[in-house]
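Look for chain A in each of the two complexes below; its partner is chain B in the first and chain C in the second.
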Partner chain A sequence: MTSTSNLAPTASSNLSRTVPAKADDVRSRGEPFTWLLGGALALGCLMIAGLLALVVWNGFVTFIPKPIEVLTENSGAISAGERVRQESFRPAPDVVAKLSATARENVAGNGGYATRFLIKTGNFDLYGEDFKWVADFDVATRSLPRDMVLVERMEWGPLIGRLIGMTVDGTSVAVTDIADPRFVDAHRAARDRWRKIADLERDDIGGINARIEQERLELRSIELSEGRGSESYRRAAVTYESVAAALAKDHQRSTAEAAALVDTNKGFTATFADAQGTSKTVALDAIVRLYAANDLSWFDKIAIYLARWWEFLSDDPREANTEGGVWPALFGTFTMTLLMVVAVAPFGIVTALYLREYARQGRFVAFVRICVNNLAGVPSIVYGVFGLGFFAYLVGGTIDEVFFQERLPSPTFGTGGLLWSSLTLALLTVPVVIVATEEALSAVPRSIREASLACGASKWQTIKYVVLPRAMPGILTGIILAMARGAGEVAPLMLVGVVKLAPALPIDGTFPFIHLERSFMHLGFHIYDVGFQSRNSEAGKPMVFVTTMLLMTVVFGMNLAAILIRNRLKTRFATAAF
Partner chain B sequence: MTTMTIESTVYHPDVSGIAATLDITGLNLWYGDKQALHGVTLPIPEGQVTALIGPSGCGKSTLLRCINRMNDLIDGLRIAGHIHLGGQDIYRPAQDPIALRKRMGMVFQKPNPFPMSIFDNVAFPMRVDGFVDRRRQAGAVEHALRGAALWDEVKDRLDDSALGLSGGQQQRLCIARAIACDPEVLLMDEPCASLDPVATARIEELIDELAGRYTIVIVTHNMQQAARASDYTAFMYLGRLVEFGATKNVFQAPLSPRTRDYVTGRFG
Partner chain C sequence: MLKMMSSFTVLATALATGPASAVDVDPSIPAYSKSSGVDGSLKSMGSDTLNNLMTLWAEGFMGQYPNVKIEIEGKGSGTAPPALISGTAQFGPMSRPMRPTEIDDFEKKWGYKPTAFRNAVDALAVFVHKDNPIKCLSLEQLDQIFSKTRKRGAKSDVTTWGQVGVTGEWAATAVSMYGRNSASGTYGYFKETALANGDYKDTVKEQPGSSAVVQAVASDKSAIGYSGIGYRTADVKAVAISNETGGECFDPSPETAYAGDYPITRFLYTYVNKNPGRTLEPLRAEFIKYVLSKDGQEGVIKDGYYPLPAAVVDEDLAVLGLKAGS
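The block that comes next holds the complex of A and B.
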């Protein structure tokens, strides 16, 4: 009771204090700003989720086999194909005027709009186009015939039609069903021969060519060092002649073997008739895959879907990159990003260590820091130009002159390639690593540095044993950011080594196995090339989505790996007591 | 009531002629233009516990950090005067500060174990000295942990992270780390400042046990702690050493009025 009476005057004096009206103002309480901030976040999340959903959805549905519709138009024209998409459009008044009364009413009822859809008709070699818009009101009949076949070919895009016959070893055989064992066996045999030819050309003939080239280069290097008139050159020339002759014989034999297989394959063809009855004969070895699109079970569909994915991931591209696989691009992206990390991580960490730990913090260091930050804002194409001029032409050109003189004038390192691309991107991303590493280093508490020094550790020992391990999670965050930035970069690569179609992977079975000077393919450039540089952008569109999805998966996968490593490091330093 | 005149240091008769392992003479120190230590002359007796007391900002931590040259890391710091360790000036140009620090151990205000295992924490001074063989380290680690009265609590989890220990255990781990290389001098900068009373009591017991084996210099805010744990006490005020003598005498019969005011709690 006494305490209450003691408190009372204090309480009343507090109550008498007038609260300014502004304190209760909604602006000073800040609720609208909470909504503003939350709204901005929600908008950002929505846009990202939308983009991801668009890419992933389109990426996943691309390889699903679609039914083939055969449409007879009012004009009598027949077309067959896969339906790609549909849209509303406003038909021209003169078109509407020519329509039947019911169709005209339908259009008028829709406010002047009608529906049309895009049909992928294929058969580019027959009609010079592979897509066609068909308006709803033009369609007289629509059917899904079971014998319509979609043929994926090596060239000219897909063919859509019915099988009407085939030749086996030059003689015609009456086969009209693609499931007929005679057809299936002949097709498989022709594809096997085609693969054998490809192997012969790449491995045997390519290998022989490489050896002839090697011999020639050896001779050339002797010519350059000893001169044409020297005794050793004359002897080498004689050896070269005999070796080259032997190799030429091998070359001839392999070429003849391949030519024989090509000849055999010429006897195996299939003839198809399209919806209008025009026939087209296709060599069996040029048929990658064919299926009766309207006669597929669920199991068949899944098998085709998976087979197409496998082809996409493991094969070379064909048809100006709009079909086939992206394996070289996938491999190139992965290798390039990995090489970039190998280059950028030590370079960035070492720079940041000096800047933060050793350099006297003054105006000069502040200036250097500003420059590093500004480097992150330089347009990436400028790095590409720098990479081409400095790495490829200057450094690479010098390497060529010193080590590969016998190959000149054709450049070895003196042109764009995997190594120069990785280094250019390393340069592009090094500010990210430097800034992140500096942050991480400055976050290491002074107390444990002092503890280390008080134990008699030198400055370098302190950095090595205490500061770096403690800063490592932060440094890895920087490397993850750099990796994400580098893996998605395209513009500078176009100048320093990425090509539309690379003849060989940068890592293969021929000595010295890792060919850093080779140009390579990249998923990002592939997207640009397929989407905007191909003959028919509509045909390339599905590939753009699938490739984008794949690139995002690759970047995501590499980041995930780095994040897992970082988290393992973090748990090592996690505090349990506080 | 206390005058602000600058008086010279008062030395109790009991400190005349003591065997000083560390001899600080006429030490002046400036942070930039600001002088933080004014002519401190302080012989630190061998094998004894010497407490540095005084109000905040009086320069006792600065003085402590001069002894193992931790102040070298600070930009714009200037020192005049001498500190002799075993007869040699540690501020002579030929002195390698790293070699000097290897002869001393230091315990800080807040426990600062490294983000490593308990074993690696204690073995750290050996590792930086180039002894990397874990079996050879093991004996010294056990000895140091026993010395810091921590062995029984951690012997089964030497490979666990040191950051999983409690605050008091962490501080004892830091003491173990400081004595792992058998230093000549043990410097303690308010070692109990961030600990609870129970942990503080354990650390004080430990200081008692370590006294005699090492020359200990301890900075403390806590007058009871200084009175309990130390053999000699130096009272500092505004960068000056005011009074130095045996702890009993400084607390019970201070010669300087300022010391008297401080130890009786009239200011501080």
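The block that comes next holds the complex of A and C.
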């Protein structure tokens, strides 16, 4: 109600509205509305804050090391694991009937309800299950042994047990304490060798392979353009042979070096026995991290917590994305969003400039404006379908036929990829930029434009030196909104380039460094994948929260950066104006 | 060989020779031996049931050959044939055999039929909430619960747990059904075997993924849903299934699956575009060999499915013109 009076100077037609006779009436009638509006705002804030709190809380606690409980059940079964959560339930009558008298009384005293908790037992390779529900009344004894170790492995998920021995270079050594320097040193050395192998394989051997492939493609393109019988092809083939032979020799040397390290690592293992006594031998280089969960100081806990965060942010995912890190997804999200901004900003601003400054305002322009506004309401998956059909298949297919003929039939640009994803999202968010830019342009007072024109500036000069600088903060707001929307969008990306597992980052050290045609991983899709596609949804849940928190942090961070830039621009133009 | 064995009776004969006890890879399947000169990139597109398994294999394979690049997409078995036909993907994992129309489409483009090899054995599990006292359901009862046409011949509809023999407070509880979306091979397979090709009820809540079905069942006490056995969690219970009401019930387990006793057992497949006149190039050949090796089949166990018996592995390798361990 009160806002109409603020708008009055610009909207002259409002003046004709009937004004109530007594001001008191308005205020008393307006009061409930104030409460309603304020209440709606409070409710909205509360819901957002609740959601954020849920995600942030669950995200923060995920990596905290938890104690390992060893439970002996009445039946004699022993299980060990971290407690995940608990719930109360009503045991079935036949179960209650079998209980001891005291347990039965306890259950009856609780109105027929008992408590049970879910423990993460790990050891999936030994028993085919990694979570277990245990009812309170089933537990005979509970202990927290100090020598219980949680082992995070490269494969099969966590192992929970006691260290009972190890081998160093093939000979067994009696070590039962993971803090024993012999064990610690051997573990560190094995992991170092493992890292060295990874480096060798990725950088050295990978680089050699990439060069061989490049040479082969060059030869193939000469073959395509000149023909197999031509003189230049024959010359190129000879060069290719000699280069390939030299590279093959390098390849062999690096491979042999890596193989030697792999062989060395085979001699270093650790053997663990789980709570029931079953033993399991693990190669030392396959142990990412291990700790005695019930014997940790505060300092150890913080160190493990931080190390896990670092692993999460900087490592590749393992075990079908349920473990390890999200670095490729983080990188993919960031790159894709930046590329999208690069595409959407100029396009949106130019469109809005023409619509607002040059086009004759009339029915046609009004119609175009309605269309733009409606575009913002089209479901995002429709953009995905369009992106796949138009960008990937049509444009990409044509690019492949013209420029990448030597690689056909495997498509280069003719399938989903980083570029097409960015462009599709740019299309999706362009209405936001257009609308915001138009608003910002129309907010520049007419008097200022007229002053500029009166001084003899041309229309373009006026726009460039007077209108655009004044409108810039508003335009940037539009871009920020577009970025926020684009970074969180998943549905269209699933069609145009986001994959569950992308083997290489879109930017790396091989020529031409930025690979716009590559598929990529995305945090939003990662959340969907881990949450709804992983084998054990229980195990994936913590990862979902952490990844969600990370995605929100990325979006928040990018917005913050844009806002800071906007504020700098604001002050710059404010001073430049005078 | 392209007549893919889809009925479980055929499966039973094929698997009768398989390992009989706990989940372990058949010892006569050799470990994978690395060969040289393998690099390039591969793309797999297809089943969501096989999505994790493909990822595990890709991780393992890339561990052997760090310069191979494998991309995985899994949106449903129905997406595999178009991807193979257009050449976008080299592998098309499917949780059901290709339909004749899909094979025809492929043949129209390439002039020969696609070739399949079996990846794993999946006992399609029927999950209920962990507190649900139900012990066993027959195929006919599943039909009554899930189908509106009841092609298996039952007269009455089942809407409450009491109607399938649960007593006490559960008797009056309405059954809440969860299933997969129609692009899924699991949807098609369940329809074919359990519903005898009848139609699903409109009240079956379709979920976007196998794991989503399990999560839905975990959070809804009166729920029932079908999904691959690999997606079982501690919050759900896999019900034993019998062929006839009152007949012997079989828990989904490696033994019952290999013996063909568990009625809704199936193979999981991967399709490739192989010209019958030519041998596969090294990259694809090595990947297939990896999948059908001891290492690859360990991945199957890791993902919760059952590994293939050696007889099946040998048969499929022969069809593809490959030899294990060479």
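Heads up, the rule we're going with is that the second predicted complex is superposed on the first by the 540 of 578 C-alpha atoms of A that agree within 3 Å, B and C clash if a C-alpha of one lies under 4 Å from a C-alpha of the other, contacts with A are read in each partner's own complex, and residues count from 1 in each chain.
The rule is short, and it goes like this: contacts are C-beta pairs under 8 Å (C-beta built on N, C-alpha and C of every residue); 3 or more make two chains touch, one makes a residue touch a chain.
Quick caveat, the model's predicted, so the values are computed rather than measured.
When the two structures are aligned on the shared chain, A:Glu129 is found in touch with chain C, with no touch to chain B. Contact with neither chain B nor chain C is seen for A:Phe403 once the two complexes are overlaid on the shared chain.
In the superposition on chain A, A:Val466 contacts chain B only, with no contact to chain C. Applying the stated contact rule after C-alpha superposition, one finds that A:Phe556 touches neither chain B nor chain C. One of chain B and chain C touches more residues of chain A, and that partner is C.
In the superposition on chain A, contact of A:Tyr358 is made with neither chain B nor chain C.
Every residue of chain B that touches chain A in the complex is listed here, in rising order: 68, 70, 73, 98-99, 101-102, 104-106, 108, 110, 112-116, 124-125, 127-129, 161, 163-167, 170, 174, 177-178, 181, 187.
Per the touch definition, chain C reaches chain A in the complex via residues 23, 39-41, 48, 51-52, 55-56, 58-59, 62, 66-75, 87-88, 130-131, 133, 168, 208-212, 214-215, 218, 230-235, 301-304. Note for the complex: chain A touches chain B at residues 445, 447-448, 450-458, 461, 465-466, 469-470, 572-577.
Against chain C, in their complex, chain A makes its touches with residues 89-90, 92-93, 118, 124-125, 128-129, 131-133, 155-156, 198, 201-202, 205-206, 209, 213, 318-321, 409-411, 415, 494, 499-504, 519, 531-538, 540.
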